[in-house]
Amino acid sequence: MKVHIIMGSKSDKHVADKAIEILEKFGVDYKVDVASAHRTPDRVREIVTNSDADVFIGIAGLSASLPGAIASYTHKPVIGVPVSGKLNLDAILSIVQMPPGIPVAAVGLDRGDNAALLAVEILALNSKDLLRRLEEYREEMKKEVGNV
Amino acid sequence: MKVHIIMGSKSDKHVADKAIEILEKFGVDYKVDVASAHRTPDRVREIVTNSDADVFIGIAGLSASLPGAIASYTHKPVIGVPVSGKLNLDAILSIVQMPPGIPVAAVGLDRGDNAALLAVEILALNSKDLLRRLEEYREEMKKEVGNV
Amino acid sequence: MKVHIIMGSKSDKHVADKAIEILEKFGVDYKVDVASAHRTPDRVREIVTNSDADVFIGIAGLSASLPGAIASYTHKPVIGVPVSGKLNLDAILSIVQMPPGIPVAAVGLDRGDNAALLAVEILALNSKDLLRRLEEYREEMKKEVGNV
Amino acid sequence: MKVHIIMGSKSDKHVADKAIEILEKFGVDYKVDVASAHRTPDRVREIVTNSDADVFIGIAGLSASLPGAIASYTHKPVIGVPVSGKLNLDAILSIVQMPPGIPVAAVGLDRGDNAALLAVEILALNSKDLLRRLEEYREEMKKEVGNV
Amino acid sequence: MKVHIIMGSKSDKHVADKAIEILEKFGVDYKVDVASAHRTPDRVREIVTNSDADVFIGIAGLSASLPGAIASYTHKPVIGVPVSGKLNLDAILSIVQMPPGIPVAAVGLDRGDNAALLAVEILALNSKDLLRRLEEYREEMKKEVGNV
Amino acid sequence: MKVHIIMGSKSDKHVADKAIEILEKFGVDYKVDVASAHRTPDRVREIVTNSDADVFIGIAGLSASLPGAIASYTHKPVIGVPVSGKLNLDAILSIVQMPPGIPVAAVGLDRGDNAALLAVEILALNSKDLLRRLEEYREEMKKEVGNV
Amino acid sequence: MKVHIIMGSKSDKHVADKAIEILEKFGVDYKVDVASAHRTPDRVREIVTNSDADVFIGIAGLSASLPGAIASYTHKPVIGVPVSGKLNLDAILSIVQMPPGIPVAAVGLDRGDNAALLAVEILALNSKDLLRRLEEYREEMKKEVGNV
Amino acid sequence: MKVHIIMGSKSDKHVADKAIEILEKFGVDYKVDVASAHRTPDRVREIVTNSDADVFIGIAGLSASLPGAIASYTHKPVIGVPVSGKLNLDAILSIVQMPPGIPVAAVGLDRGDNAALLAVEILALNSKDLLRRLEEYREEMKKEVGNV
């Protein structure tokens, strides 16, 4: 398995789905789990320490400590996706403002798609096939921007 | 030991000192540790699960996930103190906006003193001596508000 | 009575209901009042000074001074719940940013449930029965986090 | 006495001084007290209910509930001055976002001077002398805007 | 006429209506105009300089400069009401953060009712009848806070 | 005269100086005035309606209504420069969030230089000389970005 | 062609339409393109460097770098319109806070109409016909502000 | 070369230095350039399209469009570092809130060190040596958290 998606709550599924759609489009092997940094901290640790993933994607709202919790248990790159709610700044700042030593790669609000694309970019450093597909994806995307 | 103060970094010491001053004034037994939710997550878990404290105080800045991490390992009341920095809203919202099921009692920015007073109020539910001292403390405080 | 819930306006009832649901689940004796720090300040004082509650929960939106007003009349722990509105930051900051000497334990926006759980955690310091129920509650919660 | 200035803490004195300077310039009778809505709520009530002032000015920072507390005890106009600190939005929103029924007239951050001028404008509705001085003050002010 | 309500746009009518309802309840003579500080600045000046009102209420959203514009043309007390929109902080801060010398009395977001009550409080300094009605109004309000 | 710089207060001079430095570098004729939208509204109107400038630059902090006030009296392009203070968002939002019909061109916090460059770009639509100087300026600027 | 409107995504069309409506009302020649600073950067450069427009309008949401990207390729005035979304402050600040040397004229959230009016004001510096129409437009607008 | 650091201005050097210190500690080959997305857009494109780096780090403040500009020219992972200034939220939101299709990995304010560590984590996916050093680094870091 290459990418391990962990969401903090079942209610974050719509954001995970955006990541899954991208990963399937690129043919990247992935796994999805639900585990809460606050409600099931041991499960987060267990999932992360037993995972053979190359990249983790943590998805969470509110005081979104899941991506940071994942990062605290692994040396692999961790991508954090803030989920929108009543404030939005809470999830964004909780994920972006990590202390020195434990980086998390924050993407935009509800941007499960960009989290997956970032994971693909990372994996493509070691896969000519993925690199080629990324190039194709960007070309498609440029056409879609299209005209009025 | 009654109150366990955990700060996320040695640089939060000035806020912990405000809590310590109050606890010593009230004669409440306490312990202080440094443990980072992000850099030493296992140490946080170990400290919390082995602690016999009645109340925890977690002090952290930036993406301040320490109080929530403490709360994830205990049923005891956890008080969170956001430490001021370049944004301030990051630490406040990270501590206040906990998800359902795992409460943290947030106090104000750098308010180590109020965290300790809240701990004393909780412990005083079961100690006539502390209750009496709280009453005295409030009376003193009223006098200090004083006049112009 | 153990927990006294005071809301600033009848329109905060949906947040109080989340607290009530938790307290009833745990079998904790409670009372609910409506009293506004701004419209009925004497009633707030009267309710608080005549209450035999161990823990207070103050629920309010906008310039949410109710939890602080309760805290100004009692040495018992006071938990404050900001109610969401057009700004949200107004209620959160009004409740979190208490001055030194008068602590309020702030929980998240509309988190009546967490306010009640925090009250239960405080009461459980003195009740093996509540402590056992808290442990059961956390186990249930862990199962509910479940999987995708 | 015409204007009653109440500040929440001695540390708000520099903002009260701006108000005092204006009131003295206009020859308006005033009184200054220190009373905290959170630390000395009964004193706030006592001061307000025993005051014969026509206008109150409440000065406070952080969760600035003092102006609202004053307003809860009087039908007289209450002007609130937020005092700057680490966040600023906390004091501003606490004072501006009053619930329906209990108005507070908020002025800008640290604007003790404008609070006093607003009080003078209110008192001038019933004093030709003050009205004349206000006109003179504005004329002076226009000259001071001056040129480069 | 006692109170002059000026709104920046017809779309602010719902906020003006809250003020009107209060003024009619108190039997206070008022007038309503629409005039934009940005689109019809001369009309604002003309309305204000020709008005014999004792108190002005300016209602505006976005970059809400209307209350400040009114205040720039009169020595009478000016109350500003920020109207809610996509940001809210824009209207609140535009009205609260007036420079030294020209005060505006800001009330909360969409709080036309509080603006009118503040005007009544100001007028009641010189009217025993209004003072009595204010007392009655507060008593009614207290009853309405009621119970659960 | 081509560009008319109006600042709301003498204390905004450091921001006006950045604009002046650019205008002098480009040899653009300009004039500088101090006039406050709130303290000297008639002076603002008089200055604007009597000015033969092609472009106006309004510089103000706090509730920065000066650029909007200028725009309300002219059909010429008006550039607004928010001046930094304790909040910053107040001045930015007051200048950016103009209502439909009366545009202001907002530049960044304290960016008197960019205001002047924008004015030069506008004037260069009708001046080959200015256009050439703009090209030279950009080339110089590129060199200054330089290397490490 | 006089005004070149570029939007970052087809989904910004409703804001572009407000600009188009104004430009057609004033009989100003314009062109509309879709080009993303992030997805089709070369297309942005190509469109801008090959355009003979006098004024550019860039419309974008989120991290709204399109107006700045346009400005980086031209000496012509560039007007930026932030498009509303979940945060709003992201688009506003991305467009307003340009670094020294490359100005962008920011207008309000979703204010395509004001962007077009600002463009007309700029073009009117060199067209008596447009100047006359601007005067007529303002007169119409004043009438529309109307009365209650 | 493995990591290409590009900063938007020489004044961002102190943040780049934090990244350099980490990369040198890990023995990772890197290069540093200064190029502004707004002042030297062609240089950014040229640097990025001619670079053989595996990972890019873009460092910028204000409307921080540099990381996004880098990402628009490459399929390689791009890490963005917001630089602190008068607002801070401007740089953070400009970097985090990227549109769908072009991801940027945002790290915290001024966190050049975390940007470099994230780059090392990405490169370590393909280097046992770097992986070993990361493990050692974390162990050192844990010791440094230390005790009071």
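As written, the chains take the letters A, B, C, D, E, F, G and H, and residue 1 is the first residue of each chain.
Just so we're on the same page, contacts are C-beta pairs under 8 Å (C-beta built on N, C-alpha and C of every residue); 3 or more make two chains touch, one makes a residue touch a chain.
Treat the numbers as computed from the prediction; the structure is a model and nothing was measured.
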Per the touch definition, the chains contacting both chain C and chain D are B, E
I'd like the Å distance between the centres of chain C and chain H, where a centre is the mean of that chain's Cα atoms. 44
Distance-wise, how many Å sit between the C-alpha centres of chain A and chain E, to the nearest whole number? 49
Go ahead and note the Å separation of the Cα centroids belonging to chain A and chain B. 32
From the mean C-alpha coordinate of chain C to that of chain E, what's the distance rounded to whole Å? 35
At which residue positions does chain E touch at least two other chains? 9, 36, 39, 62-63, 87, 89, 93, 96-99, 101-102, 108-109, 138, 141
Set of all touching chain pairs, with the criterion as stated earlier: A-B, A-C, A-G, A-H, B-C, B-D, B-H, C-D, C-E, D-E, D-F, E-F, E-G, F-G, F-H, G-H
Which of the residues in chain D end up touching chain C in this complex? 8-9, 36-39, 41, 45, 61-63, 65, 68-69, 71-73, 87, 89-90, 93-99, 101-102
Quick check on the complex: what are the chain F residues that touch chain G? 54-55, 75-77, 79, 92-93, 96-109, 111, 113-115, 117-118, 121-126, 131, 134-135, 138, 141
Residue set of chain C touching chain A in the complex reads 84, 88-89, 108-110, 138, 141-142, 145-148
Taking the complex as given, what residues does chain D use to touch chain B? 9-10, 13, 16, 32-36, 39-40, 43, 62-63, 86-87
